Amino acid sequence: MSAEIKWIDKPHPVSGVTNGKLGIWLFLASEVMLFGGLFSALVLLRTGADSWPVGHELLNVKLATINTLILIISSVTMVMSWASLAMKNLSKYKMYMAITVILGFVFLGIKAVEYGHKFEHHHFPSTSIFYAIYFTLTGLHAIHVIGGIIVNTYFLFPGSKLWQTKPEMFTNRIECAGLYWHFVDLVWIFLFPTLYLL
Amino acid sequence: MSATSPEAVKKHVRTYITIFIALAILTVVTVWVSTLDLPGPAAIALAFIIASIKAGLVALFFMHLLGERKIIIAILALTVFFFVVLTLLPQTSHVVVPIIP
Amino acid sequence: MDKYYGFGLPINISAHGGEIDKLIRIFHVFMLVLFVGWLIYFVIALVQFRAKKDSKALYHNKHYKLPTWIEVFVALFEAFLLVGFSFPIFHQFRFDMPKASESVVIRVVAEQFAWNIHYAGKDGQFGESMPKLISTENPIGLDQNDPAAKDDITTINQLNIPVNKPIIVQLSSKDVIHSFALPVMRVKQDTIPGQQIPVTFEAIDTGKFEIACAQLCGLGHYRMRGFFNVMTQSEFDKWIDSQTPKQEDASE
Amino acid sequence: MSKEHSPSFWKKYIFSVDHKIIGIQYGITAMIFLLIGFALVSVMRWQLAFPGQPLPLFGVLFGMSNAPGGIILPEFYNQLGAMHGTIMIFLGVVPLGVGAFGNYLVPLQIGAPDMAFPKLNMMSYWVYLTGGIVMLASFFFPQGAAQSGWTSYPPLSNIAPVGQTVWLIGMVFLITSSLLGSVNFIVTIVQLRADGLTFSRLPFFVWAQFITSFLLLLAFPPLEAAGILQLMDRLAGSSFFMPSGLVVSGEALQISGGGNPLLWQHLFWFLAHPEVYVLILPAMGIVAEIIANNTRKPLYGYKNMVGAALFLGFMSFIVWAHHMYLVGMGTTMSNFFQITTMIISIPSVILLTCLLLSLWGGSIRFNTPMCFALAFLPMFAIGGLTGLPLGLTASDIHLHDTYYVIGHFHYVVAPGTLFALMAGTYFWFPKITGRQMSEVLGKIHFWASFILINIVFMPMFSMGLAGVSRRLWNPTEYAHAQPTQVLNVVVSYAAWGLAIAQLPFIFNLIWSTFKGKQVDTNPWKATTLEWATPTPPPHGNFEREPVVLRGPYEYSVPGQREDYLPQNAEQ
């Protein structure tokens, strides 16, 4: 009775991207500004403070390095899951996506251990500005990781039925979920040195 | 770029592995650099450069920004510009107290 | 009282306030001229081109040169006001500090709903004040056993200054952001807790005026009115003497 | 997505994914919030005109804690002030301008069947409504709603009662809703334009929504970051905005200190300045459409207007600190922001001049939407011009935080944006309902509102010059505010009159929906695509995919029988 919304599965002839990809990139642009706001807060508080504790004395750099590697590996398995879909291999896709989700949980686990150590030593956001901005930044990042895990798990189980009906549309969706996941890893790549190493 | 032919994707897989190795090495390097306790600004600059390289690798290869369409690059360029404006915001906020002779 | 205040700018008794008034007046003349000009065109266009029985609208209308020239003139005039008036006046307002020795330095600590005013007293030295000493009798936390604090004078909402003498007010706040405003002196400066910001002015006329709070600071924002009296130098000295706490053992 | 079976009432009207139903939902909700905001300020006007005297009739409704015996307490007055600002901007004007008009018209004007992500569109409405309910609920929390102004500067907002936390949570909802909405708009405008509808043939209204969406997308997240920081301050006891050594009413605060109150101001104004351009750009879009249609001629300098609007959107990100000239920043910073503020006034002048020149050589029809659109021009001129003395630091010293500022931004928002939104309602009402709103009631509403709104806001400039600070519960405490107190009384009566002047509009809106004069699908003889759909447009909008052959404002084309040539009409 009426025209369907186009360019959901095929890229737009002029702009060359599907609706979903343009949408996810715009959403990531707003996320860049969100973390940009918090980074500028960190820079302002740090330059304004007369004394700023040295990162690696207060925070556990070993755990954080492991966490960085975990997120990088999960980025790789994420892109591999997309690549195996491009090679029309659903079972490989499921394997890689499962690893990505598991690595996400491992990351959260390590984060929980780190937070546990802090709370035991009575280091709360209220103890000092450094801990406050540490908890806020890593906390918000962790919430984004949780969001990513939920989306990936959806695509691992119920979402993959779409593969039977519209494989190409499903591949695009996985690519968008991948873009989000890589962005979450990218934010951590900046978070890790600014909080832990400097 | 989404559904490219399987052979091309095989080639991609090799690049993903090399990129992963590069990222892992850079992580270790950035941690090692922090143990050298260089003077403040140098440490910050170096850490920022390494982080930018890692971020660039993830963005260009994993997020397929290499060879991405013009509109996505335009949006990202606009966002990066305003991100820089946002990070320069702290410089504007320091209260400047005049010296009384 | 009403000869000071009216519907327009209040009386100006500040040495440098005149330039600010001049800028505000130039702006309003400029705005009036532009607005009336636009309005005249607007009315003419509406009357001349209202829809009549057979009126046909123009499809192609040539690019009108005049409006572009007006826009260029407006931009240039704004640039002139910016560089000619605003840069120098604001720099003078914030950074042209007189010599501390030749001026009266006063500390003003804003708090929720009053102005604490702290004079250095005869010795010209401010006593130490620490947040932890703050109590109801000692609102700015003056350290009593600090020798410099012996002759310091603290008042609430009572700012007395001598006329024709540069004044430096060191502004800070105990709790939230207030804004120290002297409408008749064309002075306004936010008081940021955790910061001490000096502001300078010089009165050229005596009289009883008021301090206003210009930034929302809670439920008592409306009643943060302080008294601002400009006296002759002799009256000011007499007032300082009367306020200096009597020394039992006139040691110095 | 056409459905075989007819969708249930719930699916069709309440949880609908059709951009038109969502547009109407946004419109009705936003207009109700505008009424609520207006009611709040009517109560404030009583206190400003007759300080300390009990408010007759309604006074007792507010309860003992807010207005004992009808006398409005200062803290309740601050709640009214803060919530008036928040409701009018975040729950009234933006959702009406972007949510209602944008959602309803953008897909129609670009020839698309719906928005790119219909479910996301529905979600952004319901997240907006949740935010609105949370904001209203904040009144009923102990010690009432947020009371540190719509700008809620810390440390005052950090030590405010629990209503401030509820305000922050409400804001997070509203920001998320606007963010999702802007993603939807940009993708729709870029991807779903009909064939032949290049960017240079796009109606100016769609351009305005496109730029507004970018402003929302990139400027809102820093405020969300600031909101998260303030929530951490209030709930987790951190002190991002609390410097050390704070003593509040006698005792020192037990906080770690080391924070900086200016951080909030910077992040807040980094959003709030693009936000004020989000308030004005949709209004400019609506006025441009109506002026082109009712002068029966193409807009003057369409390309200049689009260029000026793009430049305005870009510059709006680097002017924010002109709201903070007096926090003690140095001259390097204040000079930079003065220069960018002067530069940003140029595109506004260009836009206004192009709209004014579009009248020259036209054949102007004075129907109600055109009256409102024409009134927008001088009113926006006053609003823009009075921004100049506030934009320069020297004159801002005296005028900062006075009623001059209140007069300035209300002239831009009230007779500016709200008049344009009213014009839009009269103009597109026939497309939404197939009936026309009554011209007689429209003219009554226009002339009453136009005269009264000027009596409300013009005196504020005189009070501002006299140095009367804003947000005062009782201005008569100050000697310099005594002479202008009579103006407060005049303004209050005019404000209540303005409230009554809206009744014909409300009646007209409701009555005409059912009993208005039936009209065909293109009563105003307009050229843009939304008039090419049947009235009211069905789900999926167009029977045949429209093909655009020419620009948006082809009026009085020489050699044509009719004086208008729709964008998709084959010759």
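As written, the chains take the letters A, B, C and D, and residue 1 is the first residue of each chain.
We adopt the following convention: contacts are C-beta pairs under 8 Å (C-beta built on N, C-alpha and C of every residue); 3 or more make two chains touch, one makes a residue touch a chain.
What you see is a predicted model, and the numbers here were worked out from it, not measured in a lab.
Contact tally for B-C versus A-B: the pair with more C-beta pairs in contact is A-B. Taking each chain's centre as the mean of its C-alpha atoms, subunit B lies 46 Å from subunit C. Rounded to whole angstrom, the centroid-to-centroid distance between subunit A and subunit B, based on C-alpha atoms, equals 15 Å.
Centre-to-centre separation between subunit A and subunit D, using Cα means, comes to 34 Å.
Touching of two or more other chains is recorded for residues 15, 22, 26, 29, 33, 36-37, 40, 44, 48 of subunit A. Touching of two or more other chains is recorded for residues 94-95, 192, 195, 197 of subunit C.
Each of the following residues of subunit B touches two or more other chains: 71, 78-79, 82, 86, 89-90, 93-97.
Pairwise chain contacts in this structure: A-B, A-D, B-C, B-D, C-D. Taken together, the subunit A residues at the contact with subunit D in this complex read 1-7, 12, 15, 19, 22-23, 26-27, 29-31, 33-38, 40-41, 44-45, 48-49, 124-129, 131-133, 135-136, 140. The part of subunit C that touches subunit B in the complex is made up of residues 94-95, 97-100, 105, 168, 192, 195-198.
On the subunit B side of its complex with subunit C, the touching residues are 95-101. Contacts from subunit D toward subunit C in the complex involve residues 73-75, 78, 147-149, 153, 155-156, 159, 243-250, 252, 257, 260-262, 295-298, 300-301, 325-328, 330-331, 334-335, 338-339, 342, 345-346, 349-350, 352-353, 356-357, 359-366, 374, 377-378, 381-382, 385-386, 388-389, 392-395, 397-402, 462, 465-467, 469-475, 477-484, 487, 555-558, 563.
Contacts from subunit C toward subunit D in the complex involve residues 1-2, 4-10, 19-20, 23-24, 27-28, 30-31, 34-35, 38-39, 41-42, 45-46, 49-52, 55-59, 61, 63-64, 67, 70-71, 74-75, 78-79, 81-82, 85-87, 89-91, 93-95, 111-112, 131-132, 134-136, 141, 174-177, 179, 181, 183-184, 186-190, 192-195, 197, 209-210, 212-223, 225.
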